[in-house]
Structure formats: C-alpha cells, structure tokens
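Two complexes follow with chain A in common, the first pairing it with chain B and the second with chain C.
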Partner chain A sequence: MAGNNSFLVKMGQLDRRLVFVVIGIAVFLPLKFPIGLAVVTTPTTQDVFNAVDSIPEGSTVLVSFEYGPSTRPEIEPMAITLLRQLFNEKQKVVAMALWPDGQFMSTRVLERIADKEYGLKWGVDYVNLGYRPGQEAVIKGIAKDLRANYNSDVRNNPVEDLPIMDGIYTVKDFDFIFSLSAGYPGTVEWVLYAADPYGIPMSTGVTAIQVNEVIPYVKGGQIKGILAGMSGAAEYENLVKAGDATRFMDAQSVAHFLIVLFIILGNISYLVQRRKQTA
Partner chain B sequence: MLWKTQIPVAIVFAVGMLTLIQWFVPHWPFDQIQVHTTQWFDIIAVFAVILGGLNLLKLQLQKVISRGRDWPYALVTIVGFLAMMVYGFSPVGVPEGIRLGDHLQANGSHFRWMFFNVFTPLSATMFALLAFFVASASYRAFRVRNAEATLLLVAGIILMLGRVPLGAKMTAFLPHFMQLPTVQEWIYAVPNLAGARAIMIGIGLGMVSTSLRFILGIEKSFLGGDE
Partner chain C sequence: MSRDVWTVVALGMIAVLTALTVMFLSWGIGNHSVGFGFWVGSVLTLGIFSYLYKDNPFYKFAEHVFVGVSAAYWIAIAYWTQIDRNLWGRLLPEQFPQGGHEFNGFYIIPLILGIFMLCRLIPSIGWISRWSLAFIVGLYAGLRMYGFLQSNIMEQARDTLRPIIVPGSLVDSINNFLLVVGVLSALLYFFFSKEHKGVFGVVSRVGIFFLMISFGASFGFAVMGRISLLIGRFDYLIQAGTPSAGRASVVVAVIMILVLLIQAFKDKGSAEEA
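Coming up: the complex of A and B.
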C-alpha cells in the first residue's frame, strides 16, 4: 500500500522535460499520421456560415486582417475558407489590416486563393488596401471618410481608379464586415466603432483565447456567429472545404487529452500527499 | 506652472469636450471633428512608431556598449532592426522593375523574404512554445485545493475536451445534453457570458469615470512627475 502511495506521489512530480517530450510526440504523431476524427459543427460556426451565405451575390465585403505570424496557424485556415465561401458566391472582397503584419497575412492568403485558386482580377474582384497605423482610429476614420485614410491600395493604385471601390466612400457602403482577429485592435473595436453604430452585418473568426472577450457581442446579436480558434476553423472548413485546420484538430485533440490526463495525475498525487500529511 | 499644468489640462478639457459633443451633435461643424481628429491621430501614430524605433535602438545600443545582462541578444535585435530598415527603406534587395515601397510585398524582395522566412517562423515558434508551458504549468499548478479551484478545474477540463473532436467521440454514447460539446457550449453561453458581461460593464463604468476625471482636470497623472 505504501509502495502504491509513493508511486502515486511520484506521478505528480514528473520532470517537466518529460512532460515537454510527451506533448511534443502527441502533437507530432497525429500531424504525421492523421487519425481523421470527425469534426462536429457548433451552432456559432453554423451561424457564421449562414451569415456569409446570406449575403446577396455581388456584394462588397470588407475583410480585416488583425493577426500575425504567431497566430497564423489558428486564423489563416479561417481566412482561406472565408475567401473560398465569398468567391464561390461571387462576392467582391476589400481587404485591410489594423495590424502591421496583418498586411503580409492578407497578401499571402489573397495570392493563394484569389489569384492562384480562383484567378480573380485585382481591383475588380478583390483588392488589398493594406495597413494604416492608428488602431481603432482607423475604423473611426473610414466610418466617416474611407478615402481620406486610404487613398491607394498596397500596389500604389489610386483608390478612385479601382472599379471595386466605385460607390465605396465610408464603411457604411460595405454590405458585410468580417474581422479575422487575434487581439487588439480587432473584433471588439469593429463592433464598437463600425458594425453596431452603423448597423452593418458583421461576423468574426478569433483565436480560442479571445472567445471569452467576444462572446458577449455574439450572444447579444451584434456579431453573427463566431469561429472560435482552431476548432472553429475546422468546423467552418467542414462546411465549405476541408483544409489545414481539420488536419490540425487531430493533434489538438490528442494534446488536450494528454494535458487533462496530466492534470488528473497531478491531482491524484496531490490528494494522496494531503491525506498522508493529515494522517 | 502655466506651461506644465494649466495649458495641458486646458487642451485635454477642450479636446475631450469636443470629442464628446461630436457624438451627440452630428451636424456641421461638429461632424467634421471625427474626420480630422482621426487623421491627426494617424499622423501622430506614425511619428510614435519612429520614436518607438529610435528608443528601441538607443536602449539596445546602451546595453551592448555597457556589456549589460544578455547583451548578445541586444546585438541580435540591433542587427535585425538595421537589416529590416535597410531592406525596407533603401533600394537594396528590391527586384528589378518594382518601385521602392511596392517592394515590401513583392515576390523576390529581401524584405518580404526576411518577413516570411525569419520573422514568421521565429514568431510562430515563440507562440508554439506556449503549448509546452501550458501543459507543464497546468500539470503542476492546477490543484483541487478548495471548492472554487475544483469548479475552475472541472470547467477547464470540460472546455478542453469539449472543444475538440476527441471529446465529442468520448461522450457520443451519452444523451445529447450530457455530451461534452453541449456542456462546454452551455458553460460559454451561460456562466461565462454572465461573468464576462459583468466585467465589461464594470470596465465601461470605470472608463467613463476615468475619462471624466481627465477631462475635468481631476486626474493629472498624464502630466508626469508628482502632479
């Protein structure tokens, strides 16, 4: 019995390097050898799909990129799937960024999807306006006068020469806003300064850690659905076209399961130790 | 006193009041305030970026010169900073036929290469390390010490498993309302939402009172010193 107890206590005191190795293997193996676990769509993801699906054909959608390389694995699959859904429905896409590295993220995704996969025309079917410093002041600025803040796109074409921008003078002229956000400024600022004051329908895709902050706006009806982290991206892919996030979910499943297992082991050890101390 | 206190306080009062008024009086000339002030803000933000860059360079240079703690890292920061400055602002590494400025996003430019092949993997690596630290920290620190900690632990476990396909598979045999994805959705939508809204309302009220304190000159900490 004493031997069992000391084994249980030791299970709660594993070297953290061992924990690192186990997590590393748990992430690597499912990426290399996918298990193919079925992804179940949650209502909030379905709401995003339905909201984007209900935009009338030929509408102009503002897609804002507020993420960088560190959160790319979580958000980029959402961006790719969103563009596919929008272009399938013949929508026009105007991209912009509130984060400096967001401009690089949007360039990369638009090159891959709009240019290579769909063969669409810059300035007619889609355009990238790029980054402007000022955080939420940029949103407030384009709410009043877009062309005062953006007089050219990232390729230095004057905005007034772009056919896609015909009739777009303020944020109110967009039919839909989609924020791909990993923090501040991001989804919350779009709700506060554009979508809610001017009644523009809006949806979002965020990192898992941000869901807590954004969910009140979703449940309040100010945002139509939410893609919540990697799992939200995988669920969204499941509704449009399978991609990276679906593949990554196997690794995340196993890693989460192992972390829970470690927590349980740690607690068994803790309870055994506490009982020994009080005995 | 006049220049250091009264004039800055008067400026804050005037700008704060004008910004407030334009929300409630959406007519000329007040409707123009937002258009112009946001552009001023953008311009000031650009200069702030320059100041921030120079400040970074100054601090790192001081560390290298004085051989301070971890100075080799400061040297790496300076080299990286200068390299990106050179590739960003000079014709070095700009592909033929591409204008300076447009090259930042252009295929074949050194700036773009550095961004996608140096900054991106480094940044992703730093973030990926979190998975290991979260695993290790939760193993060592997540303990059922009392009722509140136990509640947090159980909610955490349900969320961790309920958000992934494995959690759905593990509880697929249970009635729908007991399956992990359903329970985690309920946690998000009910207790979590209530807490988040309470915090947001608290923050909102705090922001209103703090803003009023600044506008009315009661709060003067932005002046620096002992004011």
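Coming up: the complex of A and C.
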C-alpha cells in the first residue's frame, strides 16, 4: 500500500516535460497511423446542417471569414464543408472578412472548392469581397449600405458589375449569414448587429474556446446551430463529405483521453500527498 | 548569454542553412518556393516548441522573428487598408484612386483625431491624445450598448422564461428547471448587498456550483482548442517531413535536438567545475 502511495505521490511530481512528450506522442501517432474512431453527430451540428439545407435553392449566402492561420486547423475544415454543402445545393456565396487574415483564408478555400472542385464562375456563382477595417462598424456599415463599404471585390472588379450582387444593397438582402469565427470581431458581433436587429437567419462555426461564449445565442434561437471546434467540424464533415477534421479527430480523442487521465492521477496524487502531510 | 551558447547556435544555424542549400540544389527550380516555406516553417515551429524543454536561443530567434514580422504585418495592413484607402482615398480621391471613393470632407475629423493620438509621443502635449481616446471609447460604448441590450439582455431574458413543466417530455422539463435554477442562483451569487447566509446562502452556493460547471466547460473547450492547434502544427511538420518537402522538419528537429543536447552537457560540465 505504501508502495502504491509513493507511486501516486511521484506521479504528481512528474517532470512537466515528460507530460509534454507523452502528449506529443499521443498526437503524432494517430496522425501518422489513423485509428478511425467513430464520429457521432451532436444536435447542434445537425441543426447547422439542417439550417443550411433548408435555404431555398439559388439563394445568396454571406459567408464571413474571421479566422487566421493559427486557428486554421479548426475552422478551415468547416469552411470547406460549408462551401461544399452550399454549392451542392446551388447557392450563391458572397465571402467577406472582418479580419485581415480572413481574406487570405477565404481566397485559399474558395480557390480550392469553388474554382478547382466545382469549377464555378467568379462574380456569378461566388465572389470574395475581402477585408475591410472597422470591426463591428463594418457590419453596421453594410447594414446601411453595402456598396459604400465594398465598392469592389478582391480582384478590383466594381461591385455593380458583378451579377451575383444584383439586388444586394444591404446585409438585409442576404438570405442567410454564416460566420466562421475565431474571436473578436466574429459571431457575437454578427448576432448583435445583423442577425438580431434585422431577423436574418444565421449559423456559425467557431473555435472550441469560443463555444461557451456563443452557445447562449444558439440555445436562445438567435443562431441556428453551432459547429463547435474541431469535433464540430468532423461531425459536419460526417454529414457532407469526410475531410481533414475527421482525420484529425483520432489525435484529438487520444490526447483528450490522456489529459483526463493526467487530471485524475494529478488529483489522486494531490489527495494522497495532503493526507500524508496531515497524518 | 555566454559566448559558447552563441557559438553553438551559430553552428546550428550554419548547419541548417547548409542543409537547405543542399536540398535546394538537389531539386528543380519550381520546387524552391514551396520547399523554402517548409524549411522556414519547420525552423520556426520547432523553435517555438523547443521552449517546452527550456528557454533557449532557437526559441528566442523564433519569438523575435514572430514579433518583428507581426509588427510589420500590422503596420502594412493598417496603412494600406485604413490610411491609404479609407483616409487618403476619401480626402484626396484623385491621388489615391485605389479605394474607388469620392471626396468626403468629414474624413478630416479622423485625420485630426489620428494626429492627436500621435501627440502621445511628445510628453508635454501627450494629454491631447485623450480626446481621441475619448472619441473611441464613446463610439464603441454607444455602438455596443444597444446591441447588448437587445441580444444579450432582452433576447436572453426572454429565452429564460420557459415552462418548468413540459407536458409529455421529462427531459425538457428537467432542462428547463435546471436552466431557471441555474440563472437565478448564479445571479443571486453576485448580489452582495445581503450576507450570504441561511436560505440566501444556500441558493448562492448552488449558484457557485453552476458557475463551476460553466468554468469546467470553458476549460474543457480551451484544452480542445489548444490540442487542435497542436494537431495543426504536427500535421504541418509531418507534411514537411516527407521526401517531397526535403524532410525539412526531420533535419531541423535532429539539428535542434543535437545542439540542445550539446549545450545541456556543456552546462552540466561547467556546473560541476564550479
């Protein structure tokens, strides 16, 4: 029993670098040798799928890119799957960005999906309006007059010459808003300044760290579903087409299991140590 | 930092550059830009990861590059998107036609406020910058106030008014009950005008439990987010470790580990001598 106790105490005093190495191995191995763990769709992800699915064919959807290279592993799989679902259902996509990095992210994803995978036409089936500075003021601005804020797309084509923009003068003219968000400004600002005031249906995909901040809007019906971090992306891929997030989920699950194990062992070790000190 | 450390780092950098040159020479011209990206990405990613072992020159190098590049990136973004297009583009549309704007004299106000902000650089007139700050604070307070009132207070309060008993659905009834109890008890916990004793104390204690569950969920999501980022970098390093990328990450990792090991042995030796 004493041997067990000393083992547990030692576990609590493990060199943190050893923990890093173990987590590193736990992430690396499943990426290199996939296990294929099951991905089960949660209701909030199903809600996103259903909301996008219910948009009438030929609608114009505003997709806002509010993430950068650091959060790409979480959000990009969502963006790719969203575009696939939208283009499968013959929707038109207008992309924009509230983050400067978001323009690079949207360009990359649209080139891969709209241009190469679906062979769609710029300005007719999709367009990228790019980034404008001003954070939530941009949302306020396009709620009043979109063309005052966006007079050209990222290829410098005047907005009035783009067939996809016919009849689109304010944010109210979009049939649906989808925010791909990794922080501020992002989903919350879209709810505050566009979805709620003008009653525009909206859905979102966010980084895991943002979920707690955004979930009250989902429960309150202000947002239709939520893709929560990488697991949300994998679940969404499960409903549309498998991609990177599904491939990454093995590593995520194994790492989570190990972290839970470390937390349990750390707590037991702490309790044993405290009992020893008080004895 | 000792001279020895710098010698070891310099040797490491020279080794990396030599390996880079060999790799580039062995490829076709078309691969250079992609290959170079993988090498730079590997050096910076592994340099940052090396901090997990301990603070070291590789980490310092990556950190300084990051800080420098970020500062330059943000200055460039701010200039080309805000000052060039939005400010000069509206005040001097003929000279700055990129934004495609017409002349708008009102933009003289942000120009003046921007100049006021720069007054911080001169201590004797630094107080003028407070006017610009006051404008920013006032603008954002006003902008956010009505949004928060509608979306965060009215809509959220409306959604909390749920029937505690939902006929035919026990799960919904339990959910609604927990929601109402959670909201009320957590709110009461933040009511400090009455001592938390008796029934009030019990309810506020229940509120603490709900808050703890919320913090736990936040922590769980934070862990998930961080692991996702780690997965992203590892996936990149795996790609950079393929033969088509010149096995960049493998070469860089081996060199870094060797340099850090040599340094660790040298440090140990000098500590024993002392």
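Keep in mind that, in the parts below, the second predicted complex is superposed on the first by the 278 of 279 C-alpha atoms of A that agree within 3 Å, B and C clash if a C-alpha of one lies under 4 Å from a C-alpha of the other, contacts with A are read in each partner's own complex, and residues count from 1 in each chain.
Going forward, a residue touches a chain if its C-beta (ideal position, glycine included) is under 8 Å from a C-beta of that chain, and two chains touch if they have at least 3 such contacts.
On a predicted model such as this, the values are computed, not experimentally measured, just so you know.
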| field | Partner chain(s) touched by A:140 [first = chain B, second = chain C, both, neither] | value | both
| A:68 contacts which: chain B (first), chain C (second), both, neither? | first
| query | Just chain B (first), just chain C (second), both, or neither: which does A:8 touch? | reply | neither
| Can A:267 be said to touch chain B (first), chain C (second), both, or neither? | first
| said: Let me test your reading of the model: by the given contact rule, A:155 touches which partner, first (chain B), second (chain C), both or neither? | reply: first
| message | A:32 in the overlay: touching chain B, chain C, both, or neither? Say first, second, both or neither. | response | second
| request: Have a look at where A:107 lands relative to chain B and chain C in the superposition and call it first, second, both or neither. | output: first
| task | Based on the superposed arrangement, let me know which partner A:40 touches: chain B (first), chain C (second), both, or neither? | result | first
| said: For the three-chain arrangement built by superposition, which of chain B and chain C touches the greater number of chain A residues? | reply: B
| Partner chain(s) touched by A:252 [first = chain B, second = chain C, both, neither] | both
| query | Can you list the residues of chain A that meet both chain B and chain C? | reply | 20, 23-24, 27, 70-73, 132-133, 137, 140, 208, 211-212, 216, 219, 228-229, 231, 252, 255-256, 259
| In the complex formed with chain A, which residues of chain B make contact? | 31, 34-35, 38-39, 41-42, 45-46, 48-49, 99, 101-102, 105, 112, 115-116, 119-121, 123-124, 126-127, 131-132, 134-136, 138-140, 142-144, 153, 156-157, 160-161, 163-169, 181, 185, 188-189, 192-193, 196-197, 200
| query | Any idea which chain C residues touch chain A in the complex? | reply | 52-53, 77-78, 81-82, 86, 99-101, 143-144, 147-148, 150-152, 155-156, 158-159, 214, 217-218, 221-225, 227-232, 234-235, 238
| remark: The residues of chain A that touch chain B in their complex are 14, 16, 19-20, 23-24, 27, 37-40, 42-43, 68-73, 101, 103-104, 107-108, 132-135, 137-138, 140-141, 143-145, 148-149, 154-156, 208, 211-213, 215-216, 219, 228-229, 231, 234, 249-250, 252-260, 262-263, 265-267, 270-271
| task | State the interface residues of chain A toward chain C in the complex, per the touch definition above. | result | 17, 20, 23-24, 27-28, 31-32, 70-74, 100, 131-133, 136-137, 140, 151-152, 158, 189, 191-193, 196-197, 207-212, 216-217, 219-222, 228-231, 244, 248, 251-252, 255-256, 259
